[in-house]
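Note that the chains are named A, B and C in the order they appear, and that numbering of residues resets to 1 at the start of each chain.
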Amino acid sequence: MSEIKKSINRISNLEELTYRDTVIHRLPPVIKLLMTVIFLVTVISFGSEQVSGLFPFLLYPVLLMTVAEIPMRPLLTRLLIALPFTLFAGLSNMFFSKEAAMMLGGIIITKGMLVFVSILIKTILSVMSVLILVSTTSMNDLLYAMLYLHIPTIIVLQIMMTFRYLSVLAGEISVMYHAYILRAPREKGIKLIDMGPFLGQLIIRSFDRADRIYHAMKCRGFEGGVIFSEHKKVRTTHWLGLMIVSVVLLILRFVNLSELIGQLVIG
Amino acid sequence: MHMSDALLSVAVGTTMNVVSTGTIGYSVSRIKKYEPEENKIPMMGVMGAFIFAAQMINFTIPVTGSSGHIGGGILLAALLGPFPAVITLASVLLIQCLFFADGGLLALGCNIFNMAIIPCLIAYPILYKRILRSKLTPKRITIATILSVIVGLQLGAFGVVLETLVSGVTELPFGAFVVLMQPIHLAIGIVEGVVSAAVLCFIYRTRKDILENALGVQNTPKLHMKRVYVGILIVAIFLGGFVSWFASSKPDGLEWAIQKVTNEEELTIDSEVHNELQQIQNATALLPDYSVKSVKPIRENVSTGLSGVIGGCITLFAVTAFGTIIMLIKKRK
Amino acid sequence: MLKIDNLSVKYQDGNQVLRGLSLSIENGETVGLIGANGAGKSTLLMTLVGILLPLEGTIEIDGLLQDKKNLRELRERIGVVFQNPDDQLFMSSVYDDIAFGLRNYGMSEENIKHKIDYIMKELGVEKLQNMSSHKLSGGEKRIIAIATILVMEPSVIVFDEPSSFLDPKTRRRLIHLLRNVPMTKLIATHDLDMALELCDRVIVLKDGQVYAQGNAKDILTNQKLLEEAGLELPFCLQRIEL
């Protein structure tokens, strides 16, 4: 079951990127999380046919990736996997929306084409910004950022444990899968008829595991109370920095930089 | 059917995030109130990981020979109860969004709504619970599960259609989109329903108590469920009515606001537009095959096409150069 | 001192596992708990910390009698290292995992930091502090699992199969580590060689009762006794033809 191994490796590769020590890595996780959200909102807020205005936003991933020394490859492969669906939705616009939008040297650019390119750039920007967030911020830091934003402990714990037991459960399921496939060499996967017992067994084992974890928690005095430390203080300079980035993003949203440059060149 | 950020408008994204956050908040309070034992916490955590792992196994679908995987909403609700199931699925969706780019961060609200809230808090109580309330037998479990999985997925897929169309980023016609989405998800639903039913029947045979617990815990919420429905209904009306009006009359909320702010620019565009339109009409005459339906795109794009392209190229070049320079500086250190 | 008197435990399905078991362990002693599968080792451990409640009989630790109401206090005095470290390490970072128990008992963050730094240095695993638990190797997981209990300074520590899943070198490291743990230790294990090396005394369980107990060397060299209890001689005492 190479698919399972691949998925776990993917997470673990992204996780290893967070071990580096750069300016971006050292930023408080809350700031990075908020910055990503603000960036996303600004990008998404562009109209469906706007293309040129989006170009300057490419600076964000390029700048962060170079400063944070994030290697291109793992992120780009992730992006490629995310692309098909939006590509499909974007492409379909070419057929449904053939109104002319503008002329370029005698070629008609239809609305559909603009929408397609716009969706493409938005996908790249949104996917990259999230991937940059997780490759510069460890899961633990993200959890603390969530606590800082007053997300209830029960949810933070839930995300933490799901993340913690991903590899454990994936390991278990992969062993079971191999055991199955070795005895059913002609099958491409688990037969539908066997899915009941196959997943059922794993569910029962998972329930037992959850019981043992609960006992382990109880044995160390768990009563549903505080289990995280107080979050690190975020300095005023960081908030100031976040504000500056937001203002720059907003300006780029209102003022089409590409346009301006173009007009300057044309005269 | 994970929705991504690029196909979403800010208005729809925000609305759905608010709805989902509210529902999750409500679920948390329900869990705190009705399950004072904290043993649900590790249970939910491990089951989240289980769903994740289970989604990675492909099973073979008979006859077609193709393979598929489960979504797990009804399965989780049947094992943990609806409210813990919503939170568990939401955390799975968050992790998928962060590490696998499966669905966007702003689209998380939509995805949680379509894939967690709809199956667990709508399909589960209306169908699964109602069918099994009086008696728990393998036959009933099978029927209840298959039905609720199919209905849940159909509603979820329809949710995707609505949210995408209301966003107005892509211009798929409503009919085509529905015809595309619903039948695919009917097929997926039947298979997932059968698998979930088989799993639950196995659990029934080996650990009946798990199913009984999950059903029994939520004995009271009948009245409370109404509140959830009313909430969802209000939001639906809000979405369907206000937002779509907003979206259709003003192509995009923020853009509209921006146009208001930068009022003067629009005025200057107008005169140029006329010119450009003339050209376009000429062009269409030369290219009769190409069906340019109407000539009314009065947007900044029309007047400023060329400068945008040139400026865009320069910007792109500048960004790349900038990145390379930083990289070189970093390397030299 | 840990004192168990006439302890009986029955599972919900009616299966009685412990039948009138009595034993006592002095402070500072290292006691091995051995027996075939199903003899009642795990059940005894789970009952000690109140995860299972006894049908009859009493458990007493340092004069504190186990009772439904004082479980919290009891669990501060007796720590359990579970068989599978994956069950014990559930937080996202090693640091938070070790701090978990201390936080539950209301210790200040400053003191917690101090204690964790000390214990990790003592165990030679300072580097692992900020790692995520799922990234650790099997041996590291075991050591951190032990650290989560050691840091709470209970008076008795109960180990469930501490040497399982370990490669020989890591097992050796574990034995050294356990030897240096100053608390009273109760070690449930199938690893009789380790029991022979580590334990002052050994208790043999059979059918939910104490079948034999005494000096580790006496018990673990008694082939007849061990075979009656469904066990065999430690490997180091078996003559294996080469």
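FYI, a residue touches a chain if its C-beta (ideal position, glycine included) is under 8 Å from a C-beta of that chain, and two chains touch if they have at least 3 such contacts.
The structure displayed is predicted, hence computed values, not measured ones.
With centres computed from Cα atoms alone, the innermost chain of the structure is A. By number of C-beta pairs in contact, A-B leads when A-C and A-B are compared. Per-chain Cα centroids separate chain B from chain C by 48 Å. Computed from the mean C-alpha positions, the centre of chain A lies at a distance of 42 Å from the centre of chain C. Centroid to centroid, with C-alpha atoms defining each point, chain A and chain B lie 15 Å apart. In chain C, the residues that reach two or more other chains under the touch definition are 90. Residue positions of chain A with contacts to 2 or more other chains are 160-161, 163-166, 168, 209, 213, 217, 222-223. Across the assembly, chain B contributes 42, 45 as residues in contact with two or more other chains. Within the complex, the chain C residues that touch chain A are 46, 49, 51, 72, 75-76, 79-80, 82, 84, 86-93, 96, 99-101, 103-105, 109, 112, 130, 132-135, 148-149, 152. Chain A makes touch with chain C in their complex at residues 12, 15, 138-140, 143, 160-161, 163-168, 209, 212-213, 215-223, 225-230. Every residue of chain A that touches chain B in the complex is listed here, in rising order: 1, 3-4, 7, 10-11, 14, 36-37, 40-41, 43-52, 55-56, 58-59, 62-63, 65-67, 69, 78-79, 81-82, 85-86, 89-90, 92-93, 96-104, 106, 108-112, 114-115, 119-120, 122-123, 126-127, 130-131, 133-134, 142, 152, 154-155, 157-166, 168-170, 172-173, 177, 187-193, 195-204, 206-207, 209-211, 213-214, 217, 222-224, 253-254, 256-263, 265-266. Of all the residues in chain B, the ones that touch chain A in their complex are 2, 4-10, 13, 24-25, 28, 31-32, 38-39, 41-50, 52-54, 56-62, 65, 67, 70, 79, 87-88, 90-92, 94-95, 97-102, 104-106, 164, 168-173, 176, 191, 194-195, 197-199, 201-203, 206-207, 210, 251-252, 254-255, 258, 261-262, 276, 279-280, 283-284, 287, 290-297, 299-302, 304-312, 314-316, 319-320, 322-323, 326-327, 330.
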